[in-house]
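Okay, got some structures for you below.
The following pair of complexes shares a single chain, chain A, combined with chain B in the former and chain C in the latter.
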Partner chain A sequence: MLPKRISQFLIIYFLGLGLLLAIKYCFSLSDYVIPGFTDIENTAADVFGRYLRAVLDTLGVAVIGHLLAIALATVVAIAGRGDNLVGAMIKTAAYNLQAYPIVAVAPIIFILLGDGLPSRLLIAAIICYFPLLLSFIGILTEPVASIEHFYVVTGRMRWQLEVKIRAFENIHKLMTVVTGSATLAMVGTIVAEFIGADSGIGYSLRIALYQSDMAKVLAALFLIGVFNSLYLVSLELLGLVIQKNMGVEPRMN
Partner chain B sequence: MLLQCRNITYRYPHGEALVFNQLNCRLADPGFHGLFGPSGVGKSTLARIIAGEIIGFAGEITRPDNAVMLYSCNTERLPGWSSVGDHLAKVTPASQLPLLRELITAFDLNSCLDSRFSQLSLGQKNRANLTRYLLQDFDLLIMDESLANVDEATRKQIIATIKKMFPDKYFLYISHSVAEVSTFCARILVLRDVLKSPQIIEVAGRDQHGDTAMDRAVLERTMLEIVHAA
Partner chain C sequence: MNAAAVRSIFLLCLICLGALLSGCERQSPEPGEEVVYRLKWLYNINTAGDLYGLEHGVFTAHNLKVAVKPGGPERDAIREVELGRAQFGVASADQVIRALAKGAPIVVIAQLFQGNPLQWIYRGGNADYAGPDDLRGKTVGITYGGNDETIMRSLLAKYSIPPSEVNLFSVRYDYTPFYSGEVDLWPIYRNAEGIVIGEKMARAGEKTSFFVPDLLDVRFVANSLITTRKMVEEHPDLVQSFRSALLTAWQEALAPANTEKTIALVHAYDQNTPQEIIAKQLAATRELMLPENGRFGQIDVAAWQQTERIMLEQGVIEAPVHVDKVLLLDGR
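This part shows the complex of A and B:
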């Protein structure tokens, strides 16, 4: 699983790098626009320690933001799964809000909360929250009639049991959605750091942009890709463990 | 009398054609009764109307107050997070635990108790599902092809067990097998196409108990009667 994810990333990364270098040599671009391979290597070695800490900082925020989004989406989806006024309101709000580019709200969050951890965390959580919420609502709203019927007609159905049945029957989908939203959490954190934070790899990217230093950007992208792959693999492994413990035939995304 | 349906008229939501038109039927005495008819004629729909799971029909259903009518079918599943034995124990009222043990033996479920539902054969799934319904408090249990995947010998044994253990309860057994309903059912409600009137014809079945001998000629007459009625 890990070698597959990492090798997929490395293939894409080095294809992109090769394309950049091809453009550089085809159009005789200067090292100022696109640095040579040796420059990239030297810069990467130079910033490796600093960028590694920044990526770990970003990853930590993304993981916490992702967990918050999962918890909040679970609670709201449970409340919104019903065929009642509250459910209708939550579904309408979710469908309308998710259509808005949430990242555009980021400046307001920075103005209100400053450029520290809370802003990064909130933006990371918000960006992966709506896709999670819509999927969770979809899954928890759909009855599993073949299992639920017995509990309904014998008067045993409770909301906890209903949620358990629907979540259990859709565990593969849930794990896919959770894993898929992990990248969004990482994206959200980097975007937040890029816009206004004072730490993290997004902040480092902003500095590199101001310096027009593509070698630093490429070094940052490499580390972001590696650690994002590690996070996705961790979630996939966690998903397999959960499925195994629940007695479901483990299935990889 | 437990149940009487008078002038039931029904069409599916968003459907054009009628499924039932002025349909009348009744279940007068406890026992093992049958609901027979060609595919698509509305047997399951009628069963679910009787059980109170479908509303929005015209006509009247008369039943005693507090009568419990359960509908079960062969496509139902037990949750997969625990074993069949754990699930059965959990949905069995304390007073019914001795009955649970009896049914497990009678339905030959001992070997499945530690397995998850998905690991069972189709016949075992049908038997496990039927078992949990029999453990509930009910007056009428509708068995919609509940033994469809069970082999003939086991099916015969299960029906005999049900008749012996629940002599005061009402059962409505939906099946496509004319031989089966003729042999085991006391009364057979033959459901016919909506264009025919009356839409239900009641035929007396042979109501076989256990291994009692069956007159082949009489059984064949009953089968012919049902086939002609349909």
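This part shows the complex of A and C:
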């Protein structure tokens, strides 16, 4: 699984890089527009240690933000799964709130919470929270009639049981949604760092862009891609373990 | 992966390559054709002359069809000019020098600002920061990676102030740390945000002043007019014509007799800024752009060389770029 994910990323990255270099040499563009291979190599060697620490910092925040978003989305989706006024309000709020662009909301968060860890965590969580919530609501509001019918007619249905049945029957979908939102958590953290934080790879990217240094940007993108792939693989493995423990046939969508 | 999928990916790559290559195709304007002029930033007081040339017929009078396009954080005029998507652009000296260090084939044909508008605003009168030594123990805002960082570090080095004696604070678009007093000095463009913030502070009963690196002999050149060397060699008349039109437009925009026209014009493009503020911004811009002696738009070679030296000393560039070789004093 890991070699597959990493090799997929490396193929895409180096295809993109090859395309850029082809354009550079085709049109004799300077290193300012597209850096040459030597420039990229030297820059990568120069910033590797610093960027590695930055990307690990970002990944740490993204993982915590992702966990927060999963926990919150689970609670809200359970509350909002019902076909009643509360459920309808939660769904409407979720649909409307996710329409706000984070770049407009982020400065307000930074004013309220400063440029430290809480702001980065919150923005990472917000970015992956809404897609998670909408998927969770969709899954938890869909009855599994063939199983639920028995408990309903025998009067033994409780909300906890209903949630368990629906989650169990849709475990593959849930794991896919959780894994898919991991990338959003990483993106959210990088956006937060880019806009206002003073650490992490997003902050390093902002400085590189201020300096118009594309070689640094490419080095940062490489590390982001590698660590994002590692995080996705970890989640996929975790998903397989959970499915196995639940006695479900392990598979990833 | 089956053969059909491989063929589809290959075809997609070819389409992408074709699209990208067509986007990079360098274009030289034909006589009478529209030229693209990419600004450094969004429309505001710093683009008054550019807009004046466009809206009051100065470009047309020079037989030029010009598309003036706003800049911004993700729009780099130097890249646009090198890629042939724009024929002229505005860039600051540090951008030009960084680009030269990476081999960009650009030249400078006029220097718009004679004084650098990038300064630091602070609370109080002139006495608090009379000299660089007064920076000791203060919290100074800088944009890490930005030219204000280079200027401030250079200033600290020049006056032997160890960075440990100044608390450097990473700034962004939100001015709250300055308003709340967390940061003592905040980097701003004096003739643009400097006026807006100064007004706000004045309404709150607080006096503000500006810390000016130029006065401490740290001269860092700001907005200048750039093009490619190829343009100068292949279309010298067009370059001369554009340079002349732009400098005329700026002089007319800054002329006291045209104050009302210029204010109305800038306001039409930048409606978020009230006309009273634009009037003050215009007055501040005049002071920064009009040379004390000499011609409007003249290139201050010594200041450019100092800018290069500062960047070299600060490790922003690794080797000298001999910036004087790309300064075309009369645009030729």
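Convention: the second predicted complex is superposed on the first by the 252 of 253 C-alpha atoms of A that agree within 3 Å, B and C clash if a C-alpha of one lies under 4 Å from a C-alpha of the other, contacts with A are read in each partner's own complex, and residues count from 1 in each chain.
We take it that contacts are C-beta pairs under 8 Å (C-beta built on N, C-alpha and C of every residue); 3 or more make two chains touch, one makes a residue touch a chain.
All figures in this text were calculated on a predicted structure; none of them were measured in a lab.
Q: Based on the superposed arrangement, let me know which partner A:158 touches: chain B (first), chain C (second), both, or neither?
A: neither
Q: Scan A:147 for contacts with chain B and chain C and give back first, second, both or neither.
A: Touch partner of A:147: chain B, not chain C.
Q: Contacts for A:27 in the overlay, against chain B (first) and chain C (second): which applies, first, second, both or neither?
A: In the superposition, A:27 contacts chain C only.
Q: With both structures placed on chain A, which of the two partners, chain B or chain C, ends up touching more residues of chain A?
A: Result: the larger residue contact count on chain A belongs to C.
Q: Taking the contacts chain A makes with chain B in one complex and with chain C in the other, which residues are shared?
A: Touching chain B in the first complex and chain C in the second, no residue of chain A appears in both lists.
Q: Quick one: in the complex, what on chain A touches chain C?
A: Result: residues 15, 19, 22-23, 26-27, 29-33, 35, 39, 107, 110-111, 115, 195-196, 198, 203, 206-213 of chain A touch chain C.
Q: Flag every residue of chain B that touches chain A in the complex, lowest number first.
A: 51, 53, 70-72, 75-82, 91, 116, 129, 132-133, 136
Q: Chain B touches which residues of chain A in the complex?
A: 146-147, 149-150, 153-154, 156, 164-165, 168-169, 246-248
Q: Give every residue of chain C touching chain A within the complex, in rising order.
A: Those residues of chain C that touch chain A are 13, 16-17, 20-21, 24-26, 73-74, 76, 78-79, 82-83, 95, 98-99, 102-105, 143-146, 170, 172-174, 176, 316.
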